[in-house]
Every structure is written in structure tokens, then in C-alpha cells.
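For reference, the structures are reproduced in the following blocks.
Look at the two complexes coming up: chain A is in both, with chain B in one and chain C in the other.
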Partner chain A sequence: MSIKADFQLDAKGLACPMPIVKTKKAMAELVDGQVLEVAATDKGSKADIAAWAETVGHQYIGTTEEDAVLKHYIRKCADDTVVEKTFEQTIDLGEIVGRDGLILDVREEAEFAFGHIEGAKSIPMGELPTRMAELDKAQEIYVICRTGKRSDLAAQKLAANGFTKVFNILPGMTAWTDELKKSI
Partner chain B sequence: MSVQQWSAADVAKKVINNDDLFILDVRNNDAFEDWKIEGHKFEYLNIPYFELLDGVEEILPKIPTDKDVLVVCAKEGSSLMVAEMLADAGRPVGYLAGGMKTWSEYLEPIKVGDLTGGGELYQFVRLGKGCLSYMVISEGEAAIIDAVRFTEIFTKFAEEKNVEIKHVFDTHLHADHISGGRHIAAETGAIYYLPPKDAEEVVFDYTSLVDGTAVQIGASKIDVGALYSPGHTIGSTSFVVDSKYLLTGDILFIDSIGRPDLAGLAEDWVGDLRETLYERYRELSEDLIVLPAHFMIIDELNEDGTVAKRLGELFAENHGLNIEDEAKFRSIVTHNLPPQPNAYQEIRQVNMGKITPAQEEQTEMEIGPNRCAVR
Partner chain C sequence: MSNKVAIIASNGGLFDAYKVFNIATAAAASEKEVTIFFTFEGLNLIHKQGMHALPMPAGKEHFAEGFAKANVPTIPQLVEMAQELGVKFIGCQMTMDVMGLTTDDFVDGIEVGGAVTFLEFAKDAAPSLAF
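Up next is the complex of A and B:
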């Protein structure tokens, strides 16, 4: 299955340090929240991309491998970890298990693919305005993202469109320690 | 200022001569923590290359100007980049050609000693990986024990010494590195021996190596005699060479002992390990010089670069030979073991002949330290 990314970088056949040098350049062109896919054949690039992303504060989402081609997914972050709560109806991450409702995951498709809560529905934040029809207003909707920031905005958007049973899950997937479902 | 290219042999010389060297390792922190170039008098700085993409100014104060500086990475590309940046900043530095990959493969042949009637015993020290291979030479013939996969180094060495390789042994089925034994045998027409208890799953022909198997190298009196010594694996076999040297394989090292778990049967084999170390070896002469198949830390190297020590000294100093209580011994060698060697299960498959990965893949599999010991 292919994973959606905003930009693709082809670093196949390049030896270290070039995959990282090119990734660094490409990331500079992205805006916050966008996802870059880096295709590389240098096996060492996996550990290095992850470590590099951490040092500069980007989010390393994951890597797939197919036919000796590695595909790394990185999301550009600025200050994603700062949670500004504005949406009032929140629910603790620990309380959603076993509740009758829909977990709506508004992270990017690539993030969702590398690990989400079983049963969660994926609608990336950017697609929410055009895909609201897929949601049921009568159902409780628990919105989740990585840290609680994007889900907060999504919850506000839903509320503005007449959804009343909306909760923002705090904290986000970063605090989820149970099993992760993958779709890669 | 230009950048100097260093070969693995240049670095090996620094290790063996106990020279000073400052290593700027630009791999990521995990890789460095896991495995690095070890030297008695080496100093290190680990800054991943990707933190230096915008320049090296910040680290300049940490780079000494009064000793050799070598930049090292996994393959060489990043170290060359960083070395050039340092050179542009006016620092005379070198980089390691081929990086840690080449370092992992480098072998340095060192003479251990003379044998009866003009024979010689050589130890091939694979500094980067801690593997030790041996060649016994006498009167135009040679035997090789625990050869690593770079067969050409052994066949070329034999050519230089003008000897014919007649016997090739593996003390056991290795789990940390890929054996070159059967390939050397196939190339030279030598006989390849493997302990049958380790060879139940192998898919090639071999000659059984059992307790008491003895071969003569050359016409005179150099005996290579096998001594069954299970524990690291169930087939592990030691050799006594010329009544002077004890090749212990992965059972006994200079500063540690073999771990019994790499074939998945720690609980079953710990008793064998105990018996080998505390009974069979005790019956041998304490004047035998122990020559193991590995070293783990640089302190195990002697002044001349060899890894060798009198058995009597090991009985006195090696922690693993001095655990009186059997239950304590059992617990030490089956619990809290260090992580297993990289790709050890696949490496066993290769050594059984079940899979034959490409050279590049074999290199990847052997990356990292050997980790065959428990201390």
C-alpha cells in the first residue's frame, strides 16, 4: 500500500551523507505539518534520518521497505508539542477505551499508517472540511492527533459545523502505550 | 589544506603500537555506543555528521591540534565530508577509507611463536570485529583454524610462505561471523573438519572433528590434536598444537568465558560449559598458551598485538574460571547475558550452508562487535 505524502524525494542510489543532506534541503521547502517521503537505498539512512529528525525537532513517522528501497516519512514540525487548549469538551486518553463512539484520527495518512488505535477512522486535518459528511452527528466523536493540538482545531471545526457530541482527546497518540494497529 | 586518506592497516598499526589517536566518529550515537575502533590510547568524540551539515566551527575547540585526528563513519562518505570541512578550517585531519565497514573486515597476521622443527604459528587478528583465526605452518604444509570469510587473505599468506593448505578446521559452528573454512578447503583441496554435533543441519560435506582427532602438519612432529570441549555450542572442540598451545575456540577467552545461549540452548549446555572449564581444562598443563577465537576488549591484546596467555594465569585471573559455586555459575552464564551478536541466527544459517547471501549482505550481517562472551 502506498502512503500519502505531500512531497517525494528520490535519494535512491545515493550514499551517506547525501540522503540526509538532500532531506535537510527538501524539508526547508515544506510548511509545518506537511509530510516528506524520502526514497533511499542506503540502509544506514533509516537510523540516521530518525536521529537527525529528532535533533532538529521534526517528527520521524516511520520507514517501509520494499524491494530494497527504503521509504522514510518525516513530518515537518515547529512547535507541535505546545498544546493550546481552546476546545472545552475534552476527554482523557485513558477513558476512551470501551466507550461507544468513534475515534477520529486527524493526523496525516502516513502517521496513521505507521500506528493507530484499533477501530479509529482516519481523516487527516486538511481533508476534514470536505469529508464531514462521512461522520454521524448522533454519535459521540473522540478526536485524536499526536499531541492534542490538531485534534483541538478539528474539534472546533466540527463544533462549528453542528457536531455537538465532540470531544478532544488529551493527551494524544504520544501517550498511547497499548497496541498499535498498522496499515502498511 | 588537504585531507589524508588512512587505510585500515594504518589504523591497525596505531592500535598495535599503542600510539595516540583522536577519533572523531561521525556515525549516530547508537552506532557509536554499540561499536567503535578500540585502541589502548585512543580518545573519542562522537558527533553525528548530520549535526555538522551547517559547519564544524562549534566543534573546533574540541579537536586537538597536538595529535593525529581521524574522522570515521560507517562507510566513508560522511567522514570525508566532515574531514574536508575540518581541513577547510585549517585542521590537518585524516579519514578512514571504507569506514567501519572496512575496519570490520581488516585482518592483521601476527606471529605467535615458533614450533618444533622450524614450524610457525600465526594469529590473524581481526581488530574491528574481535575475531581471531590461526595458521599452523610446518615443512611446506599448513592447517587453518577458525578462518573468517576473507579466504584470499589466508590463501595469499600461504602462497607467500610457500606452504600448501592441507587441513581446515572450525572449532564450532560460529554465530557471530561467517566462516571461510569450507570455501578455503574447496579452493585448495584441503580437508574441512567440523564437529558433527554442531553440523546436524549443515547441507555440505565435511570430515568429522571429534575428541582425539589428530593431524600432523609437515613431516615432523607438529600435532594438532582435538579435545572435545562443549558448552558454547554442543560440538565445540579445542585444539592442542605442538603440546604448547591450546586453541580454545569460543569456550575460553582471555578475560571472559563463552556464552552458552547462541544456539538457543543455554540451560542445556551450561553444565557442559562448567565441565569443560572446571574439569577437562584443569587436567591440561598450565603452561599451555591459550589462543581463543575472539577478544572482546582491547585490554586483552598483548604488547605485540597478539591475544594469548598462559592457561595457569587464566586459572588465577579469569573471573569465569573462578566461580566456585555451581549454582552461581549457572546463573551468571544464563542470566543477564549481553545482547546477541548482530544477525546471529542468519549467520548460523550461512555457516550451515542453508543460505548464501551476496557479499554486500554478508558485510551488513557482520557489522558490530562479536559478543560471544559472558563476563
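Up next is the complex of A and C:
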């Protein structure tokens, strides 16, 4: 299946170090939080892209492989300044298992595809304003992202639109050690 | 963690060139500050004419086909890319004097310096590499 990305880069047929050089250049066009898809045939690019993202501070989401074409997904991150999480109703990640409410995952579609909590619903942060109708105000909603930052904003947005049973899950998927569902 | 990568290029073959420029461009793309010090035969790698016809090691000429098939960029392309990514080239003044070369013989934008120029940059670089 295809995974949604904001930008696509075609690095097929290119040898090292070109996929990295092209990725660096393409990344400059993205704004924070957007996802870049890099298509490459250089098998070394899988390890290289992950290491590169780690070095420069972007989030390596994952890689798919189909017909000898690798597709790498990277999410652009800013220099991670600590943002205060202001939404007051929070819930510890360890406490959500077995609860009745809905786990709402507001990460990008690609991040969700490479691993999410079973049963979670995906609405990327940017789509939340137009997709709120899909949510039930009577139900408890636990909002999750990678670290708790986007989910904090999403929870505030929901609260501002009349949702009262909203909880921000802290810390986020980075601390999730249980089984991950994939949709790739 | 150091944000600098210091490279010494002291050999003038095609393989040497790839080692130097692949590492340099990859490091620069990873937002490192990269300086290459070209000395002795290493100066061939940025010589205006020389870099277009760098020799393969004796007996390894058959690799030429592999280079073409793997769609590896040419050395002049890598040189251009490295400079575009901000890699700094320093030519060794002493070697240039010995060989009777001037900055006009090399690609544009190189600096010329002695060993101390490089050592000053490399003193807090990690890694420092020699090829």
C-alpha cells in the first residue's frame, strides 16, 4: 500500500552518497512536522538514511521495500526546544490499556502505518479540525502522539470544540514497549 | 560531540578520490563542517584537468565497467557537489611550490595553506581521516 507523505524524492538508480545528499537538499523544502518519502534502489541507503536522520535530528519513521525499490520515510523535526505541555487532563501511558475510551493517534499517517497501538484511530494533527465530526463527545478520548507535544495541542483543540472527556497521554509512543500494529 | 570532520587527501588515484569525496559529501550533508587538506598526489583530485582522468590502481582497470553500471557520480561532479555543500578545500602550499602549480591550476574556490592551517582546523575535529 502507499503511505502518505508531503513530499516525494526520487533517488532511484543513484549510488552512495547521492541519496543522502539529495535527501538533505529535499528536506530543506519541508516545514517542521512534514514527512518526506525517499525512493531509492541503493541498498545501503536503508542504514544510511536512518543514521543520517539520527545525526541531524530528524525522525526516521521507517522503510518499505517493494520490487527492489526502498521507500524511506522521514519526518522533519526542529531543534527540539522543550515545549511546555499545557493541557491539564493527562493520563499516563501505562494506564490506557484496557480502558473503554478511544485512543486517538494524531501523528502523521506514515508514523501511524509503521507502528501504532492496536485499536487506535488515526487522525493526523493537521486533519483534526476538519475531521472532528468522526469523534464522539460522549466517549472518553485519549490523545497520543510521539512525545506528547502534538497530542497536547490536539487535546486543546478538542477541548475548545466542546469535547470534555479528553486526556493527553504522556509520554507518548516513544515510551510504548508493548506490541505495535503495522499497516504497511 | 565535534561538528567538524577533517580529511587529508594525499593520494591521487580514482579510488582515493571516491573515498575522500564520498565521505566528505556525506559528512557535509549531515551538517558537519568539513575541510579537506590536499597534499602531494592528493592535489590531483582537485586539479582542473587531472581530476577528469584519475588513474585506476594497476590491474584494477576492469572496475571501470562497474563504476558505470553502479551509476556512481563522476569525480568532477562530486567535487562540485562537495563545494556546493560547503566543504572547504585547502591546497598544500609546499607541495604546490615543489610541483610548480598555482591556484589557477585547481578548481575555483580553494584556499592555500600550510600544515598549521590544517592542524588548527583539525585540532577539535572528530573524526580526522587520512586517505
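The rule is short, and it goes like this: the second predicted complex is superposed on the first by the 180 of 184 C-alpha atoms of A that agree within 3 Å, B and C clash if a C-alpha of one lies under 4 Å from a C-alpha of the other, contacts with A are read in each partner's own complex, and residues count from 1 in each chain.
Everything below uses one rule, namely that a contact is a pair of C-beta atoms (placed from the backbone, for glycine too) under 8 Å apart; a residue touches a chain by one contact, two chains touch by 3 or more.
Treat the numbers as computed from the prediction; the structure is a model and nothing was measured.
Once the complexes are laid over each other on chain A, chain B and chain C cannot both fit and instead clash.
Looking at the shared chain after the overlay, A:127 reaches neither chain B nor chain C. Look at A:24: by the touch rule set out above, it reaches both chain B and chain C. Contacts of A:44 after superposition: chain B is touched, whereas chain C is not reached. By the touch criterion stated above, A:13 is placed in contact with chain C alone, chain B being left untouched.
After overlaying the two complexes on the shared chain, residue contacts for A:140 are found with neither chain B nor chain C. Legend: residue contacts after superposition of the two complexes on their common chain; A:55 is shown touching both chain B and chain C. Looking at chain A, you'll find residues 15-18, 20-21, 24, 48, 52, 55 touch chain B in one structure and chain C in the other. On the chain B side of its complex with chain A, the touching residues are 28-31, 48-51, 53, 73-75, 77-78, 81, 364. Listed in rising order, the residues of chain A touching chain B in the complex are 15-18, 20-21, 24, 43-44, 47-48, 51-52, 55.
Of all residues in chain A, only 13-18, 20-21, 23-24, 48, 52, 55-56 touch chain C in the complex they form. Looking at the complex, you find that chain C touches chain A at residues 22, 25-26, 29-31, 70-73, 81, 85.
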